[in-house]
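Written below as structure tokens is the structure these notes are about.
Going in written order, the chains are labelled A, B, C and D, and every chain counts its residues from 1.
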Amino acid sequence: MDKKNIKEKQIEEYKVRTDLAIEAREMVHQDEEIEIKGVELEEKIDESIDLKITKVSIKNEHGAKQMNKPIGNYITIECELMKENDSEVQEKLMKELANEIKDVIDIANTNLILVVGLGNEWVTPDSLGPKVVSNLLVTRHLYEEMQDAEYLKSMGKVSAISPGVMGQTGMETYEIVKGIVDEVKPDLIIAIDALASRKTSRVNSTIQIADTGVHPGSGVGNKRKGLTEESLGIPVLAIGVPTVVDAATIVNDTMDNLIQAMMSHTSNANILNSLQEFSNEEKYQLIKEVLNPYMSNMFVTPKDIDSVIKRIGFVISGALNMTLHPEIDRKEITEYLN
Amino acid sequence: MDKKNIKEKQIEEYKVRTDLAIEAREMVHQDEEIEIKGVELEEKIDESIDLKITKVSIKNEHGAKQMNKPIGNYITIECELMKENDSEVQEKLMKELANEIKDVIDIANTNLILVVGLGNEWVTPDSLGPKVVSNLLVTRHLYEEMQDAEYLKSMGKVSAISPGVMGQTGMETYEIVKGIVDEVKPDLIIAIDALASRKTSRVNSTIQIADTGVHPGSGVGNKRKGLTEESLGIPVLAIGVPTVVDAATIVNDTMDNLIQAMMSHTSNANILNSLQEFSNEEKYQLIKEVLNPYMSNMFVTPKDIDSVIKRIGFVISGALNMTLHPEIDRKEITEYLN
Amino acid sequence: MDKKNIKEKQIEEYKVRTDLAIEAREMVHQDEEIEIKGVELEEKIDESIDLKITKVSIKNEHGAKQMNKPIGNYITIECELMKENDSEVQEKLMKELANEIKDVIDIANTNLILVVGLGNEWVTPDSLGPKVVSNLLVTRHLYEEMQDAEYLKSMGKVSAISPGVMGQTGMETYEIVKGIVDEVKPDLIIAIDALASRKTSRVNSTIQIADTGVHPGSGVGNKRKGLTEESLGIPVLAIGVPTVVDAATIVNDTMDNLIQAMMSHTSNANILNSLQEFSNEEKYQLIKEVLNPYMSNMFVTPKDIDSVIKRIGFVISGALNMTLHPEIDRKEITEYLN
Amino acid sequence: MDKKNIKEKQIEEYKVRTDLAIEAREMVHQDEEIEIKGVELEEKIDESIDLKITKVSIKNEHGAKQMNKPIGNYITIECELMKENDSEVQEKLMKELANEIKDVIDIANTNLILVVGLGNEWVTPDSLGPKVVSNLLVTRHLYEEMQDAEYLKSMGKVSAISPGVMGQTGMETYEIVKGIVDEVKPDLIIAIDALASRKTSRVNSTIQIADTGVHPGSGVGNKRKGLTEESLGIPVLAIGVPTVVDAATIVNDTMDNLIQAMMSHTSNANILNSLQEFSNEEKYQLIKEVLNPYMSNMFVTPKDIDSVIKRIGFVISGALNMTLHPEIDRKEITEYLN
């Protein structure tokens, strides 16, 4: 790849960076009423806690291409109160999330589940996966050690790992997970990950469930392999929460907003032309200037990110414990945990 | 204060938010050659590690008003390599910083020093102060316990505290420090704090030393009292490092850059006028939109902030240990630490 | 103090090291039925969670001398389930603890309370105090900032601090607290501390409330000042939980147990004599040998101490939030917390 | 296994619990001069930092049975100063440790190394392995991403993982490592682990290198598989540091010491008999009593364990970085690390 191409790639990257299907949908058409071929949209609302569930189904290749996401189902739970320390909201969110997960996986016919906590536990906004794993009721070893114990009958068979990131291990997450899958032979993987959003309004207030697995960013020279049914041989459910916005996205969106605001100001054709012709290349130069010397390694995050991540991790691990051990109640689950 | 005033205050706030004197200087005149009355500027460069030391002296009320900072001396050490894990650079930085501190305080005639680590240790970019305090060689209690010990003769008399932030204690930092000062009677306070910068290029690569103490932000309704010689009765040296840029600042600066870029594009008087008349009010609305619903609680920070804070904390505590215990070498100091 | 005296002091120390009044009581007479003059004992039991509350009142100097504790009231809550992750038990414990605290302090006539979290947050078994403080609903600054806010009417006025330990600050805890008391003028101090017990059976399953304040260990050369009404001018309530047993205590008690076991084995007068004449000096030598080279800096603690401390900290902060803000419910309190 | 056998097993366990070959050697004969068939002993001393290196070679089955350890080589580095914060000592220790490791592995003919950090990072005395891994220069992914980069020529090819413990993952460490080995195909494993010692004097002042891999404790019902060449198909070097003594061991050793002390007191045959006939069963009952209700989950550890673990982790990761990347100097290595 020559330098010119790398640059074009980089410029492009700042336009497309979102992990959320609902944002990909918005990027195709802001207007939800306009139908995209091969993409279905369905909404449900729980007004008691101002919660909205959106299901985006990508049905065919055409939809996949439009959305820049693989064929499959994407469920998004949005709730502004998710970031608050409100135990009632947390209870409701847990149940809603558990319900949506149960809809997607066939728990009764799944023997062993492997939960994978993606991300770097030492970088707060990236630590959601490891945090969820640390609050799971993990039981597979009990099955191995005391097969006949009465209390195991009410428990699912769960294993879990937080493999760390490539800079820590020298290995792709795919390689570690693939090795464990071949050795331990789970029937389903549930992967938890912190995502990037385009909009600060979605940060820490959105959970996405996708039955298409985990697809690493398609950055320059990125040869990383995803965690998918295709690559691992078993279904992979991905649960993700946007915890940051890339600083470059904020800068880019600011410029777009500003240009739009200016355009709505004037009817002068000269000015409109001048604004429109402001190229991607020029915008990219501005992003570089504003974020210099960091460019692609800065993110925007709220001040209380540490406590918010704890709370959302608590909601997700709670929902998973409810789903994976359906016959014991939450109180009992807690007692088994440390 | 009525609502209109609050808003104007808020709009204004996004224009002025910098803790660094060199940035305040730049905001008055980008051009360093243009003299500001009552403000002196002096520069020194160490090329071996690409380090630049700038001394800004605010000499009188006129300068203070122009700069929006109190009369006094502000020394800034800038070094891009500060954020790297380079032990040689760290050694040099420590020595440079120690030299600058020694220049400002009269260590030989100071009996007891109280180091105050400001900030919230649980919010990574705000944890610099507590981190520095945790690596200090603290000795005052040894003087109390074993007055005659030979080894104390080579040690300064140092006490330290990380008082936490108001949301944790319900008390202003000023109140806690004032209480301790009255009880323990130090002769000098050295306060360590994480700052906000206007520019990502200064984040984690700048140390500011100010003999004017610590002045909390002058936000809406802010009645907090600073840590100053005036309020505490003893001199206060402030050492600060910018670790974040407010997200609102990034957005604001992006708009300014974009408008400037557009202006340089055109000579059409209509367009120029249209761009110039884009008001603060309109810009403020755009900031609000981009950062919604967070507005003033988001910051921009690099991904590796956790390790960078550790490294810079190590440099500052090292420099303080060298300054406050001038007669023992660094190796010995380390042995006393845990 | 000459060397011989220091040694005798040290030997003695291993005999008397307990922070718990019920253990001091047991050390005078194992048999609860035997009355100690000037010491009253009262017990209450809640069988539902196997909880026992013991009130030891030291009424006069004679009792104080016998017990080696100051005149005052000591309430002990014992519950083996305290260390488990059982939310129902935690709820009950919170309420019992809140009730006992309410019995001892006159909350209606107390304006401002200062909670002091004693101990070193970086040494797990010593981190209980800081952990409790970090989960308190602290409100004093809200009173200062928005006096007239409706919601404040239902809240108590609470401030809090975790001052750190002398090795970190170079100051006695007393000095820091005294300074803050003089500046901020609270009416009552509640001090939280991790204690040492004689018995592993009491570790992490006992909470002691004492209206006599905090008295630092009376070790060799220890000149530290306690936190008491006498020293601070306002009442001090101490809440403590034993989280460790000194390794030396374990070794000492093992020897006592072994000697007793041997004595019950034999009626041979020679052997009995030989066993009895095994002196404190010899026992001290054995302790030294077994713990060499650490001697007095080792403790015995359970493997899961990290999670147990979190749970007990949660119980105590919950009880304090209920007590100090009696008019708002726990759900609301949580929402205010981060 | 019936109850009687379980108990006998448990009683026995308290007699044999050591992970160190030099302690196993001492348990066979205190006297080093007395030769054990099939076991060779060799000592080296560096007086400058009071360091002693002992090589125990178990040559055949007879030796293995006597020592209760597999055939192989065990190198022990003992240095009382290891626990101090002395950078000079740390440098020397790093070099000595690196030399010993180089002696045992054939680095020039090893392509890819996998370092495994055993233990639970959230239990301080068990967190050595994860701590070492977090300071390693891991490079395998760089080889994958930029094969031709000049700077890679001077670097070894290293991958690493901290798999967590069975209670966290539901999987045996063996299973996780075996899966990764099959997928990633390293030529050598280096496993880092925190060990238990019999003696407090060895805690945090001893490093053991063993070419026999890692053998989990042989407790009741323990079916865990070790990390060995036999089980994994590639050589496994184990590096371990004793960081705790089991509380039961302290109690047991106290009794042995006391009995011995009493025996040396008397020549009375009756007493001697009485002391000798004090059975294992009786001792076990006493241990149970002293440690009730914890029994096997308490350990003895020094107060400053947190900082000591950091320091020793720093020594081991430093030695590994020197060994695995022999052509770059330590300064450069640090720069690559975060």
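Just so it is clear, a contact is a pair of C-beta atoms (placed from the backbone, for glycine too) under 8 Å apart; a residue touches a chain by one contact, two chains touch by 3 or more.
To keep track of the chains, here are their UniProt names: A, B, C, D = Germination protease.
Note that the structure is predicted; figures quoted are calculated from it, not measured.
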Exercise for review: Would you identify the chain whose Cα-based centre sits farthest away from the centre of subunit A (Germination protease)?
Suggested key: C
Practice item. Taking A-C as the reference interface, identify its repeat among C-D, A-D or B-D, namely the pair sharing over half of the contact pairs by residue number. Key: B-D
Exercise for review: Could you quickly compare B-D and A-B and let me know which has more C-beta contacts?
Suggested key: A-B
Revision key, fill the gap. Per the C-alpha means, the centres of subunit B (Germination protease) and subunit C (Germination protease) lie apart by a whole-Å value of 40
Study note, to complete from the structure: subunit B (Germination protease) to subunit D (Germination protease), mean C-alpha position gap in Å, rounds to 45
Practice item. Round to the nearest whole Å and give the separation of the Cα centres of subunit A (Germination protease) and subunit B (Germination protease). Key: 36
Practice item. For subunit D (Germination protease), write out the residues touching at least two other chains, lowest number first. Key: 122, 304, 338
Review point. Chain adjacency by touch: line, ring, star, complete or other shape?
Key: complete
Review point. Which of the residues in subunit B (Germination protease) end up touching subunit C (Germination protease) in this complex?
Key: 122, 133-134, 138-142, 144-145, 158-164, 166-172, 175-176, 178-184, 221, 223, 338
**Study point:** Footprint of subunit C (Germination protease) on subunit A (Germination protease) - complex, ascending
**Key:** 84-88, 304, 307, 331, 334-338
Point to revise | Contact footprint of subunit D (Germination protease) on subunit C (Germination protease) as seen in their complex | key: 80, 122-124, 200-201, 203, 247, 250-251, 253-255, 257-259, 261-262, 265-266, 268, 270-271, 274-275, 278, 282, 286, 289-294, 297-304, 306
